[in-house]
Each structure stands twice: as structure tokens, then as C-alpha cells.
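Next come two complexes, and both contain chain A; in the first it sits with chain B, in the second with chain C.
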Partner chain A sequence: MKFIIQRDRLVQSVQDVMKAVTSRTTIPILTGIKIAATSEGVTLTGSDSDISIESFIPKEDAGHEIVEIKQSGAIVLQAKFFSEIVKKLPTDSVEIEVLGSLQTVIRSGKSEFNLNGLDAEEYPHLPQIEENNKFHIATDLLKAMIRQTHFAVSTSETRPILTGVNWKIENDELICIATDSHRLALRKAKIETDNHENYNVVIPGKSLNELNKIIDDTNEPIDIVITENQILFKAKHLLFFSRLLEGNYPDTSRLIPNESKTAVTVNTKEFLHAIDRASLLAREGRNNVVKFSIIEGGSIEISSNTPEVGKVVEEIQSQSIEGEDLKISFSAKYMMDALKALEGTDINVSFTGAMRPFVIRPLHDETILQLILPVRTY
Partner chain B sequence: MKEMYPKNGRVILHVDMNSFFASVEMAYDPTLKGKPLAIAGNVEERRGIIVTCSYEARKFGVKTTMPLWEAKKLCPQLVVRKPNFDRYRAASLGMFEILRQYTHLVEPVSIDEGYMDISESFEFGSPIEIAESIQKRVLEQLDLPCSIGIAPNKFLAKMASDMKKPMGITILRKRDITKILWPMNTNEMHGVGKKTAEKLTTIGIHTIGDLAMGNEIQLKSLLGINGIRIRERANGIDQRPVDPESVAEFKSIGNSTTLPRDVSNQQELFHVLESLAETVSVRLKRKNVLASTLGITIRYKDRKTITRSKKLPNPINHKDDLSSFAKQLLLKSWNGDPVRLLGITGNDLVEQDHAYKQLDLFSYEKDAKKEPLLNTLASLREKYGKSIIEKAASHNVDSSQNVGTGTSFNKDFLRSFPDKKHEVD
Partner chain C sequence: MEKTWDQLEELQPTVLKMLKNSLLKNRVAHAYLFEGMRGTGKKEVGLLLTKALFCESLIEGYKPCETCNNCRRIQSGNHPDVHIVEPDGLSIKVDQIRSLQTEFSKKGVESLKKVYLISHADKMSVSASNSLLKFLEEPNPGTVAFLLTEQLQQLLPTILSRCQILTFKPLAPKVMMKQLVENGVAPVKAPLLAQLTNNLDEALKLNVDEWFAQAQKIVVKLYEVLKKNPLEAMVMLQSDWFSHFKEKEQIHRGLDLLLLIFKDLLYIQLDKQEQMVFIEEDERLRQFALQTSGRRISDQMSAILEAKRKLQANMNPQLMMEQLVLKLQEGSSFV
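Let's look at the complex of A and B:
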């Protein structure tokens, strides 16, 4: 194998596939990046067996030559070293050549590295996925949906299924749900499917987080294929495979309250900033808890008391309050996470009691909701 | 009398009861006086370890934490008694009551020692007169001996009280430091343990004087901030105030037990954890606190000891929660070898009033069911004050039944002071 490639394109692709490479793997060859050169261009692959990423660098892009293939072939190079080397090479072009016995030479300007490679034949094959059952979604919408849900996944392994985001596809609508059992995030969107099939899968939160980092914020569509145990995201020159979590995701639809005993409408930013301020003291203590009380005259009082530090009270004006009076305490962090995920200048919070979950929605937007469980005192 | 007090300094006393548990037993049973006496745990079993012993027993080489069989070998006529924690508590209460008659600035450190700041107590006499009067009254009223150190700060007072035992009164002035303190080995210094002393020898520091003149940078890199602190102490500097409330700032509550024999049966270990959990739960509830972190200690047959802890999703104080998390931790950390000692510790304690339970989407209904009841409680408390009503389970146990959770480090008991204190004030 021998080719000359533009360094910036190589660096970008290496960075993308590095998202899947981990040094903690039981399969030694997965600490490497597979580099394969064909007459079409160069393909890089990284994998930790849960996530696999393939980045393709075409020979030509918009009439410009990016890679000059001198001899096709493949090699696996230690990701840790290879990624650092390409980042620091001195000139804009890089020559990579595999000599006999897996010796790989990387040349750039007057610099020359000799790396011991691994046999590309040993590298696991990526899942073969039939692509006749796909749907697509605009990349920026997908990014928004990930951003608005994935933060709510559980970080604890006590219920492994909750470390993933539940994706349901029903009637050409994608519903993403994440919950760590203390809060829940839900986002829906219409999508275009090839054959109107229904799916119900759970994607590891970590996979979506990594995917979100490497896809561009464009409105170009991204293709998605779901199989028994894999999901494939297919963007231009990029394949992203993730394992799906096994097991049944709990049915959360019946857990989201429909009715409301107290409904409050407030400005999102004002509310977020008040919570943020109230939590300044709470953060110092062990519980990041703030208290929300409805007071006379259509106002809301946000307060927090950390005995060792001090207390804070802030009043904010609501646009409307309907129903019963209420005092409720909740985690400031969960509330801030939820408010940051919502779009829209005003939000509606509906409560059904001080010890029951409450729901936050942007005004006039049914596609997204955030649910939070309050805390109770002992 | 004011002229006997420093103009710009403090006068601190450290009162240290002499072989406290043994002395209390002697006060109860005067026939024990003059005999070698040891207080030990279970007399029949291996866990019989000397908790404390009289000076007569010490002459034979009997020491605290020594196994009973070893002590008996050294001193065959040794009289052994089981601890009576209620007696010790009563005696300690009496002792601190006497101390508080001279100043309200009394800081109990443990069941048998405390600091007093008598800088403003000149109406009772000179510092030495006060110390003599305390010593006399403790002996006359409680039949208990104590040693007292008089110094300008806590550290020196503590060092001073250690110098003459039993029934000593020692004054340690700042100007005496070079003569008295500096020739002593660092491991005799309060706040320097065996490990620290060993570390100090690696940089050529053997005596307190070496430490006082030690290189600050070197000490900091060896021992961190504590290195700077002990160097200050060695120079006789200690700014810590005598804080009557400090005993309230306990950091953890834990119990451990040496097993009657080495156990490698999981079920048996679980039973031990259950009973430890029960004790810890009672102690947590007695102090109205919950643990946010739970730790366990496992000591193996070869005395190798490990501790593991886990941050809990919600603070707990119920015995079932304590034991279930302790069991999880045991399963995770136990290597299967025979176990000699097990312990459970609740850490990161939060006061019940400020403890929160994060409700769970899949189980909140259970809590929500109690909502009407809790609302009623809340409105009652709002109307009539906090203590108008309590859950039966959290109700404070009668103090005469408190004996069951006795530990060698009996700070629990000190917690019951604040109420008492106001009467004395």
C-alpha cells in the first residue's frame, strides 16, 4: 500500500474514527486504526466493538485531488501514535507506505516515521447491514433530538437498559425517550421511511453522544438503518455503527401525567437564571435542591437553604398560574438540564402534586417534553 | 487575680481522666482499688481485647488493645471486667458538669477528656488554683483521678496533661518548649502517629525539635498541609479555639466486630452485616442523621484490611437499606478468603431536616401515597413547632437503653450534651 494524502483531510478523518477507539479493549487489534487504500480513495476504520466508525476520503472532491493512490492495500496502525503523528507532521501532504512485513513509513516534508503495523486481515469485519430498510432525517434535526434527550440517560449500571435512549418509530414518527428514573426527556419528529415499518430499539447514550460530535450541523439528510442488534447512521463519507442495548425499555407513556393540578407559565430564561442563582448555595451542600413555591399575586418563589452556607430567595413573575397552590422541591441540576434542552421563549410547567412527577413543555410545542421527579424530605 | 493571666493570650486546660473505665469500675467497687484491673470485651472469646487497664496492671506491661490472653500471661492475677457503658456515660456527664462550672467554653473531645478555655475565668482564681480545684472536686465527688495540662493553647495543654499521670497538673509555657518538648521523639507528639513519625525519620527528623526547625517545603511535600501544621505545633503554635459545639460535627458513624472465628460462609457474613446495620441504624437515628455514603471494612485472616465505600443514591438510616447496600459492597469487594472482622460505616452524614430523597419515576407512587399524612405532619409542625410529632421509628430511644451500641470511641454519648449544657449555663 502506498498513497499520498492531504494532511488536513487525514487529520479530520482520524479524529472522527478515534471517537470509537479505546485503549481499554480486550481485543488488542482494536487499539489500532485500519487504513485501507483502493482505487476509489482511502477508508479509515476505528472500533471498540460497541461503536464502529468508518470514514472515507475520496480520491477527488469537487475536482480537487485529495489522495494519490500509488498502490492499494491495507494496514492497521496503533491509534494512539498514528493520531498524534499525523496531527504534528510538518507539511500539508503525507505519504504513507507499507513495506514488507507490516513496516509502515509515514513521510511528510523531511520527517519520516517508521511504525510497526498490524495485519489488516486480522481486523474484525464491520457488521454487514442490508440497506433496503432505511429511513432518513435531516442531520441538524437528528443532532437536536440527540442533544435534547441523551443527557437524561442513566449513568448507573443498576438498570443497564436505562443507559440508552429509547427510539420508537411508529406511523412515520420518531420518538426519542431517555430517563435515569429521576427525570425523563422526550422528543418527537416526523420522518420519512421507505416502507412504514415500526421499530422499538434502545441505543447506548454514549454512542449517540459520539455520533453527535462527528456529524456536521447541516440540513443534509442522514440515512438510518436498524437491524436486530445494530443501528447504522450513514452520512456522506461516514458510516457510524452502534450496537443496540438488549432488553425491553420500560413503557414510559403511562408514567407521563396527562392531567394537571397546577399549571404555571414562565419565561424560560428568567426561570433558568433564577434556578441557577438559587442553586449557587445548594451546590455547596450535598443536595443540589431548590424549593419552588407559588405565592400570592401570581408570583413564584424560588428558594434554597444550605445551613452551613446560607440561604437565597428569589421571586419571579409568572405569566399565568392556574389551579392549586403548591410547594415542591427538586434538583436544580435536573431543572437546568431540562430548561437548557427546551427551545422557545416561554415554558409551561404542569404539576400534579408535591410528590409526583411534573412536566415542562415549551408553549405551543407538542414535540418535546421534560419530566422531573421532585425530592421529598425525610 | 487577673494579674495571673496573660494580657494577650489564652489559658487553656486539657483535662484527661486517668484510665477512665478502670477508674469508674473502682469507684463503683472500691475493693478493686490497688489491684491490676482490665476492662475487656467478650471475656470468653478471642475478641476479648483490653479496652483500658489500671495503673497497677500497666506495671505488668498490660496495654490497651492487647488481647486478653496475652495480658493474662503477663499478669496472671489480672482482674477482668466487662465494660459498663452506662456507668462511664454517667461519670463523664458528671465530670463535664464540674468543668462547666468554671467556664461555658468546654469542648468535650471524647468520653474522658476535654479542653477548657479559662482565659476569662479569673474570678475562680489563678489557673493553677482552678486546675487544683477541678482535680479535687472530680476526685471527691466522683472518686475519679484526672491529669490536667495548663498551657496557652490546645496542643500544648494536651501535651502537658500527658506528662504527669495519674493526678498530675503540668504547666507548659511557650518558653519551656525548647527545654521540655524539643528533646521528645516525634511519635510522642499529639497528632503524630506511627506512620507519620516513620515518614519523618526518612527526612532526618527524629525529635520534636528537629520538626520545629524542619524545612517547610520538604515537610509539605512529604505530608502535605499536615506537615506545615505539625511543624507549627512543634513551635508551640496552635490557634484552634475551644469550641463547645465541635462535638456536634461528627463525620461518620460506624460499628465493626471481630468474629468469634474466621468465617468464609457468605450467609454468615450477611448475618453479621445485618446485625451491624441494626446498630449503626440505631445510632444514626439517635443523632437524627442519615448517611449519604456507606463504607464497609473487611479484615481477613492474615490481618489484611480493606475498606470500600459507595456513594448512595439517597441518604439512608434504615437498617434494611444499610444492610442491603453493605451486602452489595461485600459481594463486590470480598475475595472469598476467611474473614476475621467486618464493619459498616455511614459517611457524609446529613441532618434529617436537610436530607432529601430523590423520588423515582418507577416507584414514586409509594411515596406519593404518604403525601396526605406528610402534609398533615407538616402543618402540625408549622402550627405547634418542630417536635410536636415524630414518626415512631425515628423517636429518640430512651437513653437508659442506649447501652447496646457502645463503642470504644463513644462520641454518641457526647451528643446528648447540648440539652444538658443549657441547664448548667
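Let's look at the complex of A and C:
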């Protein structure tokens, strides 16, 4: 393998793939970055076996030559050293050449590095993309969907399946569901598919978090391919692979109540700030619990009482209240997480009793839903 | 060292036959426990079966080809769906098992099969074994576990009952000796090496090891000092023994050698000279054998075994050796 490449493009790509490389791995080859040169360009791959990131540097971009391929081939180089080396090279072009027996020479200006590489054949094989099985979604929509669901995944390993976000694709609609068994976040969106297939997979929450960081906030479409073991996101020159979780996601459709006994509409910001203030004292207490009660005159009272610290009461005016009066307690943290994830200036909260889960939806928007279980208080 | 199916079949015919049949009939168990002495090829067989599960072009339906990409990556420890857990320091920690569990809550990287291999499974801490237990109980489809151990009794009975146990037979010392001599080991040294290990490669390595040669001399010297001038034994420990046997493993080896001397004395008394291992010291040992009784030798041997056990339980090595030397001194038993 031998090629000459623009340094800034190489540095950018190395930084992207480095996000997937960890030093804590039991598989020695994963401490490296795979570099493969073909006649079309150079591909860099980094992986920690949970997520893998592939960055492609084309031979030419907008008429400028970026890479000059002299000989194709592949090598795996120690990520720790390679990333530092390319960052500090003196000139704008870098020559990388693999001699026999995996010896790699990196030349730039008058400096020359010799690195011992590893055999690229040993690197994990990533699934091949089958062009007919993909679907598209706008990048900013995808990012919003991740943001609105992934905070609700469970952090405890007792039920590993709940540490992931359930993605269901049915009738050209993508449904994302995350729950930690105390709250649930659901988001739907229309997607464009080529072959109208149904899928039901669970993606680790951590992977989605990483993906959210790495993709740009544009409205260009991103391609998604689901294979047996992995899910693949394909942006321009960047491929993001994530492993899926093993097992079946619990059926959440029955958890969401259909009817409601009390429905309240409030301004999102006012409500969020009131909860935030009430939680200041609640945080000192055990469960971060605030009390929500409907008082006369179409108002809501948010209160919290921690005997050893003090108490707080706040009244907010609601836009409409329908149905029975109600007193309910819930975790302020869950409520704030849910409110922050919702879009829209006004929200609709529908309750079905003090001991039953309640649903929060933005007004006139059926695509997003947050569900919270109340806390039993006396 | 890489060993092929045929080579291992010579060493462990029963085990390999069972594995061959379960591969051919597609009835591979979800968890295997390989039990056998050091050097009986447990890990090699574990890796071999792993290769057979992943290999792309099996020979005769069960032998891994050793040349395909998967086989080579398993051999070099780079296959992403094969996880090998080794003791971290003295024991296998609960965190190691936990990370294994999180790993297995996900689907495989490349295939639907996953394999984990825990060597020295007896060194799992109690919390680690309990954590593993949950995991062994409800295996995901396509998961195969290999537990390797030298001491079957130290594992929890609940773990044993969940594994298919395969016993690896040690190589008969005579066969081993013959193989060693064929590989160019001096016939006088072969019996000793055959007693210490069951692994041909390890024995050959020991044969040329400078440290081991020196260790033999020191052990024989210790015995002589004990015999001739017991009061000097403590001094000898300080001057020679501790500077040479530093690591726990090394002390174990030293005690093994010491045990073999007493075994030789017993063989001489029983008139079974052909089973002796310290052939080079034959003459001197004969002299000593005349001066002691079978009863005494067996007491001394049990003292050494006791010392080995204490060392395993993290006794201070210096105190342990001093106590042992006092116990071995004949005639007085004040400790």
C-alpha cells in the first residue's frame, strides 16, 4: 500500500474514527485503526466492537485531488500513536507506505516515522451494505428523535434489554421507544423506504449517544440499513455501525392509557420552571418528588415538602382543565427530562387517576409522547 | 503453541472423540467444563473447538482448517466474538464477569455465535462465580462457554451441575519420558521433567532453563543441609533459597522438587529404584535412605504438602519456609 494524502483531511478522518477506539479492550487488534486504500480513495476504520466508525476520504473532492493512490492495500496501525503522529506532522501532505512484513513508513516533509503495523486481515469484518434494504431520514430529524428518546433508557444492567432504544419500522413509519420501567419516551416519524419491510430491533443507548455527537445537524438525508447483528447509519463519507442488543423488547403498547379522567393544558416553559423551582428543595429529600394538585379556579399547585429543609408552594395558571380534580406526586427529574424533550409551547397532560401512569403530549402533535409513573405518597 | 486436531487426539482421545461426535451430530452443549492437570491441553482443545464452531471450511465436517480467516483470528486472539477471560492477578474479579455479561447482552459482531473461555475458573472470586451462575443458567442461543480448571472441587456445585464436565487424562509419565528422550532430553533428566509437567513444550523449555537447573541444585543442597547439619538450614534459607525463589510460582516449583526428593527416598526403601527421578543424585540418596524410616518420610511429605497449601492461602513465604524447615528437621518437633 502506498498513497499521498492531504494532512488536514487525514487528521479530520482520524479524529472521527478515534471516537470509536478505546484502550480498554480485550481484543488486541481493536487498539488500532484500519487504513485501506483502494482505487476510489482511502477508508479509515475504528471500532470498540460495540460501535464502529468508518470514514471515507475520496480521491477527488470538488475537482481537488486529495489522495494520490500509488498502490492499494490495507494495514492496521496503533491508534494511539498514529493519531498523535498525524496531528503533529510538519507539512500539508503525508505519504504512507507499507513495506513488507507490515512495516509502515509515514513521511511528511523531512520527518519519517516507522510504525509496526498489524495484519488488516485480522480486523473484524463489518457487514456489507446491501443497497436495496435501506431507508432514509433527514439528519436533523434523526438527531431530534435520538435526543427525545435516549435519555429514558435504563442505566442499570439488571435488565440489559432496557439499556437500549427500541426501533420499530412498520408501514413506512419509524417508532422509537425507550423506557427504564419508571418512565417511557416514544417518538414516531414517517420515513422513506425502498422495500416496505418491517423491523424490530433494540439499539444500545450509548451507541445512539455517540451517533448523535458524530453526525452534523443538517437536513440532508441519512441512510439507515438494518442487518441481522448490526445497524448502519450512512452519512456523507461517514459510516456508523452499532451492534444490536440481544433479546425481545417488552411490549409497551399496552402501557399507554387510551382514555383519560383529567386533562390539563399548560404552557411548557412555565410548567418546567415551576417544577425546577420545586425540585430545589425536593432534591434534598429522598426521591426528588414533587406534588401536583388541581385547585379551584383552573390553577395548578406545584409543591414540595422536605420537613428538615423546608417547603415550597407555587401556583400556575393552566389554559384548560377538564375532568376530575386530582392530587398526584411524581419525580421532578423525570418530569423535567420529559418536558425538555418535548417541542411546542403548550403541552397536554392526561391523567387516569393518582396511581396510574400519565401521558404528556405537545398540543396538536401526535408523534411524540412521554409517559411517567407517579410516586406513591401519603 | 498451535496444535491440530490430530495431534490433540493423540493426547486426549476420549475427550476429542466426544467433541467430534457432538460437532457431527450438531449437539454442542452450551457450557463445557474442562478439568485436568496442568499441561493436559485444556486450552488448546477449547480453542480448537471454538475454531471448529467458527471455521468456514471444516475438514470432514468437524476438523477446523486452521488456514481460514476465522481460524487464524481465533488463534491470535483477535476474533471479536470470542472472549477469553484470564485471572487478573490472583483471582478472576466480579468486574470481569460483569463486562462479559454486558458483552453478551448484545448480538454478535460478525455472526450469531459467541464463545467465552474462562481459564483457571477455580480462581473466580465468590461474587464472580455467583454472577457467572446467573449467566450460565440462561444461555442465549448460539452461546458456548468453556470453563477450564485444574481443581474441580474448588468450583461451586451449582456451576458444576450446569456444565458438561470433560476430564482430561494426564499423560502417563512413561510415555512422556519417552517423548522427552526422543526430543533430545538427556535420559537422566527426563523422569524429573515428566513428573513436573504434562506438557511436552513446557518440559522442553524447563530443560534448557538456567533458573530451573539452579533451583534443582538448591533444593538438593537444602535437603543435604537438613540431613547433615539441621542448625544451618535456617542460614541456608537466607543465603540461597530466598534469593532464588522469589515469586509464588517459583516457590511452588521449589516445593514440588523437594517433595520429589522425599518420594525418591520412599521408592529406594520400597526397592523401586526404576521409578526414581533424581537419577543424578542416586548414590547420595541411597545413603540417606538408609538413615530414615518410611513413617518419617511420609510425615515429612505431608509437611511439604501442608506448606504448599499454606502458600496458596497467602502465608508469608519466609515464615512458611522457616516453619517447614523446622518441621523437616528430624527428631525434634517443637513447632
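Here is the rule we go by: the second predicted complex is superposed on the first by the 318 of 378 C-alpha atoms of A that agree within 3 Å, B and C clash if a C-alpha of one lies under 4 Å from a C-alpha of the other, contacts with A are read in each partner's own complex, and residues count from 1 in each chain.
Definition applied: a contact is a pair of C-beta atoms (placed from the backbone, for glycine too) under 8 Å apart; a residue touches a chain by one contact, two chains touch by 3 or more.
For clarity, every value in this text was computed on a predicted model and none was experimentally measured.
By the touch criterion defined above, A:375 reaches chain B but does not reach chain C. Contact with chain B, but none with chain C, is seen for A:357 once the two complexes are overlaid on the shared chain.
When both complexes are overlaid on chain A, the residue A:295 reaches neither chain B nor chain C. Applying the stated contact rule after C-alpha superposition, one finds that A:99 touches neither chain B nor chain C. Counting contacts as defined above, no chain A residue meets chain B in one complex and chain C in the other.
Against chain C, the residues of chain A that register as touching in their complex are 26-30, 49-50, 121-125, 157, 160-161, 163, 204, 228-230, 243-247. On chain B, the positions that touch chain A within their shared complex are 290, 292, 313, 315, 348, 350-362, 364, 367-368, 370-371, 374. Those residues of chain A whose C-beta lies close enough to touch chain B in the complex are 156, 179, 181-184, 250, 252, 255, 285-287, 289, 305-307, 329, 331, 353-357, 371, 373-378. Those residues of chain C whose C-beta lies close enough to touch chain A in the complex are 69, 72-73, 76-80, 83-84, 98, 101-112, 140.
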